[in-house]
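Before anything else, here's the structure in question.
Per-chain numbering from 1; labels A, B, C and D assigned in written order.
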Amino acid sequence: MSDALNIGLAGLILGLALWSIVAREAFAAVEGFMAFGLLLTLAWVQLHGIDVALTEAAIGGGLTGALLIGAATRLRSTEAAARVEGPGAPTRWLAAGVSVAVTAALAVGVLALPVPAPTLAPDVAAHIAVTGVGNPITAVLLAFRAMDTLLEAIVLLFALIGVWSLAPDRFWGGRPGLRQQADPNGILAYVARVLPPIGVIAGIYIFWVGADHPGGKFQGATLMAAMWLLVMMAGLADAPPISRTWLRILLVAGPLVFIAIGVVGVVTADAFLAYPPGIAKPLILVIEFALMPTLTLILGLMLVGAPQRGPLP
Amino acid sequence: MLTTPGGTLLVMAVLVPFVGVLLGLTLGGRHVWRVAAVTVLAGLAIVASLASMLLQSGDTVVYLLGGWAPPLGIALRADSLSVVMMLAVAVVICGIGLYARSDFGSVAGAAEARAPFTFWLLLLAVWGSLNLVFVSGDLFTLYVALELVTFSGVPLVCLDGRGETLRAALRYLLFALAGSLLYLLGAVLLYGAYGTLDIALLAERIRPEPIAWSVAALMTVGLLAKTALFPLHLWLPPAHAGAPAAASAVLSALVIKGSWFLVVRLWFDVMPGVVTLSAAQLLAGLGAAAIVVGSVVALRQERLKLLVAYSTIAQIGYLFLMFPLAFDAGGSALVHGPALTGGLLQAVSHATAKAAMFMAAGLVYAALGHDRIADLAGVARAMPITILAFALAGLALMGVVPSGAYLAKKLMLDAAASSGQWWWEGVLQGGAVFTAAYVVLVLTHVMRRPRGPAQPLKRVSRLSEFAALFLGLCSLLLAFAALGPLPGDLVKNPLAPGELGTTLLVFLGGTLLALGLSPQPLLAATRGGPLRRTMTRAGIAFEHSDGFVRRWPSASIALLTLAALFGWLLLARPLP
Amino acid sequence: MSAVINLWTVIAVSGGAVFFLAGTTGLLRFPDAFTRLHALTKADNLGLGLVVLGLLPQMDSVSGGLKLLCIWGLVLLSGATASQLIARALVRRDVQR
Amino acid sequence: MSAATLFGLCAAALIGIGLYGLIVNPHPLRKILAFNVVGSGVFMLFGAIARRGAAAGMGGDPVPQALLITGIVVAFSATALAVALLLRLFDETRSVSLASDAPDKTQPGVDDV
């Protein structure tokens, strides 16, 4: 039964992936991709990766989908010109040939993976008690491989600086994105008033529960960012100008707190990013708590894009 | 495995530039460049003390992050390879910082402007990310580091926001992303097969078997795409030529070295026994092709910055020549030895020299308002320091004594001779001749007397000129710095008959190539000669083939085909 | 007692499934976007409502039941909003033509 | 067939499909989409590998699962940067073609602004 379900799921995933590649219109392709993302979430559940499933649903499918669908709408006029540019049949066949070859080689690789599979799960289980958290993935992300998580926040920040750097000079310091005009009495404005309190509570809950159960700061921050975007889309609040000092401080607060706690670890626990025994869990929660607003802002601002309006209020 | 004394310096080398970015972003406005200046000084001090420590002890410096040992945790490691690269990057960043002071310095009282603000932040971002590439001991952290380098490099390409540079940046980003996915795919398979991503542990566990071969092939081509080795260089010329000069210097001198360094790490330290001599020959063969195509197309360019950008493609090729020369006597495994030292020296001298060249080209552009090579007459007289910087960098790249490239060439020639791979000796010498050709070409034009009245020149900053000169000098005098750890008899008297003869031959060959291939005839006498006509035709053919290779479908199909080819060459290993 | 509860669950969930089936048929067979939206929202609101009502007595705890009701409420809200927005966009496009 | 093997093979196919799209689709937005499909394939392969490593009472090896979360976030950053770049290119030139970048020899070095 479970096998049949998995095979059906894999078939649907492949079909949607193919659709998102070959569909004629970009908009339709992105819609296929969003459905693809939702089904991937199910696949992650089948692979016993609940945390990954949450991340995939929030970021992989949700935010990426929203980003691409916005771009597809704006670029609709360019598609006809691009279609003409497409390569001829020989190139297509060649491309199909090499792609199939890669797939075949990888399939052989998948079947040739060693049995028993190497795993670090016992190592994690042996050391998780020291960190005080109950969710092994949180332990990996914030204790054993905390550096990766710090770098991940820095990646997001650099990408945001990159996005901002694409503003025309005259709009530097101004508000990102275009002004949203929505009917103040319309249903969107209604939802944007009703939903955010629920969404914010759910976001905080996902973050809080992440220490011991699936969930965590990223998934929570994505939900909060989505609520913020909803409020902006409904025209109830505007995106802040990027020159605002409070915005800049919030953007760097998460990584800076992370680094500061790491540096304290050099003194108290003999290593950067080490936690003194006994207070590991509170420190991990402080880091996650500091990262939440930073991540929410970065994720939201990335979707809004580069500054496109003058710096004057 | 434990943290060694001084390991904290590794963390600092990565974090200090990153903290600089964070502080710069918060303080904003006019403070950004001050933050950058302080950070550069601090970073330089950190790297210098790390280098002096390593020079004394000679042991690899290790730092266990969070106190967790691999495979569960992440280790930072710095051996002499990493420290040399870190030192070179620190010096070049310093030079670029000085150079960019006039373009991107702050004006008192002015509001925060986009280009300076992002330039300084991205400069620090590139630096921290590169240091992470050099010291990280974990393949996944290295993936994140590579992406950090890309994300901070791409916006530098389109700093001036013109359409063509935006297009170049997008091409660069998309192709680099394809490359990093292949790298990540390899890392994923490695974890599946060996249960760790730590470089030292992998080196112990990895066996010559199909999964390791496919991993080697995938990761190598992924990194080659990011390094822009021919034929995967579609993104490089427009990106490096279109960016502002300071940004071009960062991109061409430093950014591509990150992924190149990872190829070296992968081949020499992760899987020295998995890779084969035939695969290394392919790698060096691509390098040789890059030298020929890159140099010929460089000679055909009409704009100085494009010439320098294409010369980068040729020089990237040079960096891959060491691979087949670094095998042990039986040809079964890669070893750290003179050939690797040579390759490293070549990378360092290219970093300093190419930064100096782009800076000089940028200054010429700033002074004249254009960089058409044919219209550069009289520039040498008007801007002697700039042209001197260009000439010194060119001499250094050619491998004239006592440059680093000279030592590099020497070490690699010896390795080629001792392993009986005579054909690489030819390529090594030929590469120098090609380099000489475009240096001669540019110098001939700038030394000419202008025909009409002297063109009005805009004043350029003295500081920028001296920064370029400083990096050019660094490159030319690199051999002396390298001689500390290397045996002293490697550098010969430059005026000894043998050395002088080689230098003259290189110049002569270069001049002939320049005469034959330049778009405008260099001397009136050569106009219309049969040889010149043939060579011009050949040059145009090269340009066309370069144009074909740089189309997206051909480049991306080449990417996957190369992966297959590498996989096959690793599979078809000679029986022990 | 449990038999009655189970019977209620079977009836209600089956009823919900019928609505979903009808909604899907409508989505596939109706001629234009407006009528398709009509079919879709009926399926969501009534079908999901019946499923939730059917499952309610099966929950172990009050908080579990509240979560189920929350899900229904949120889907009602988002379904109504999304179909309104789609319909409005369609109207706007038709006016422009 | 175990779920890990099945989804491992599915991942291999996803990577192939995405690579094909990356090569032949001329529109940059479609390339970004294809990049995300390849990325999903790589992530799914890692997920299958994590599932194979189930031990010590955990449904999967938590180390790759944690790395996956980082990977998904990095891929999102890449997508956001690429989309922003693409939209700016469109605003600036009203065209999104990547093809016409061959160094234009007729154009003088000065920008006629």
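The criterion applied here is as follows: contacts are C-beta pairs under 8 Å (C-beta built on N, C-alpha and C of every residue); 3 or more make two chains touch, one makes a residue touch a chain.
Here the structure is a predicted model, which means the values were calculated and not measured.
Between A-D and A-B, more C-beta contact pairs are found at A-D. In this assembly, the C-alpha centroid of subunit B lies 60 Å from the C-alpha centroid of subunit C.
If you average the Cα atoms of subunit A and of subunit D, the two centres end up 13 Å apart.
Inter-chain spacing, taken between the CA centroids of subunit A and subunit B, is 33 Å. Separating the centre of subunit B from that of subunit D, both taken as means of CA atoms, is a distance of 26 Å. Among all residues of subunit B, those that touch two or more other chains are 72, 140, 144, 147, 151, 154-155, 158, 161, 166, 185, 189, 191-192, 195, 553, 556-557, 560. Residue numbers of subunit A whose C-beta contacts span two or more other chains: 87, 91, 95, 98-99, 102, 106, 109, 113, 117-120, 124, 144-145, 148, 151-152, 155, 158-159, 162, 166. Each of the following residues of subunit D touches two or more other chains: 15, 19, 23-24, 26, 32, 45, 49, 52-53, 63, 67, 70, 74, 77-78, 81, 85-86, 88, 97, 99. Chain pairs that touch, as defined above: A-B, A-C, A-D, B-D. Residues 2-3, 6-7, 10, 13-14, 17-18, 20-22, 26, 29-30, 33, 36-37, 40, 43-44, 46-49, 51-52, 55-56, 59-60, 63-64, 67-68, 70-72, 74-75, 78-79, 81-83, 85-87, 91-92, 95-96, 98-100, 102-104, 106-107, 109-111, 113, 117-122, 124-125, 136-137, 139-141, 144-145, 148-149, 151-152, 155-156, 158-159, 162-163, 166, 216, 218, 302-303, 305-306 of subunit A are the ones that touch subunit D when the two sit in their complex. The touching residues of subunit A, counted against subunit B in their complex, run 87, 91, 94-95, 98-99, 101-102, 105-106, 108-109, 112-114, 117-120, 123-124, 127, 143-148, 151-152, 154-155, 157-159, 161-162, 164-169, 172-173, 243, 245, 248-249, 251-252, 255-256, 259, 265-266, 269-275, 311.
Per the touch definition, subunit A reaches subunit C in the complex via residues 186-188, 190-191, 194-195, 198. Partner subunit B is touched in their complex by these residues of subunit D: 15, 19, 22-24, 26, 28, 31-32, 35, 38-39, 42, 45-46, 49, 52-53, 63-64, 67, 70-71, 74, 77-78, 81-82, 85-86, 88-89, 92-93, 97-103, 105, 108-111.
Here subunit D touches subunit A in the complex through residues 1, 3-21, 23-27, 29-30, 32-34, 36-37, 40, 43-45, 47-63, 65-70, 72-81, 83-88, 90, 95-97, 99, going by the rule given at the top.
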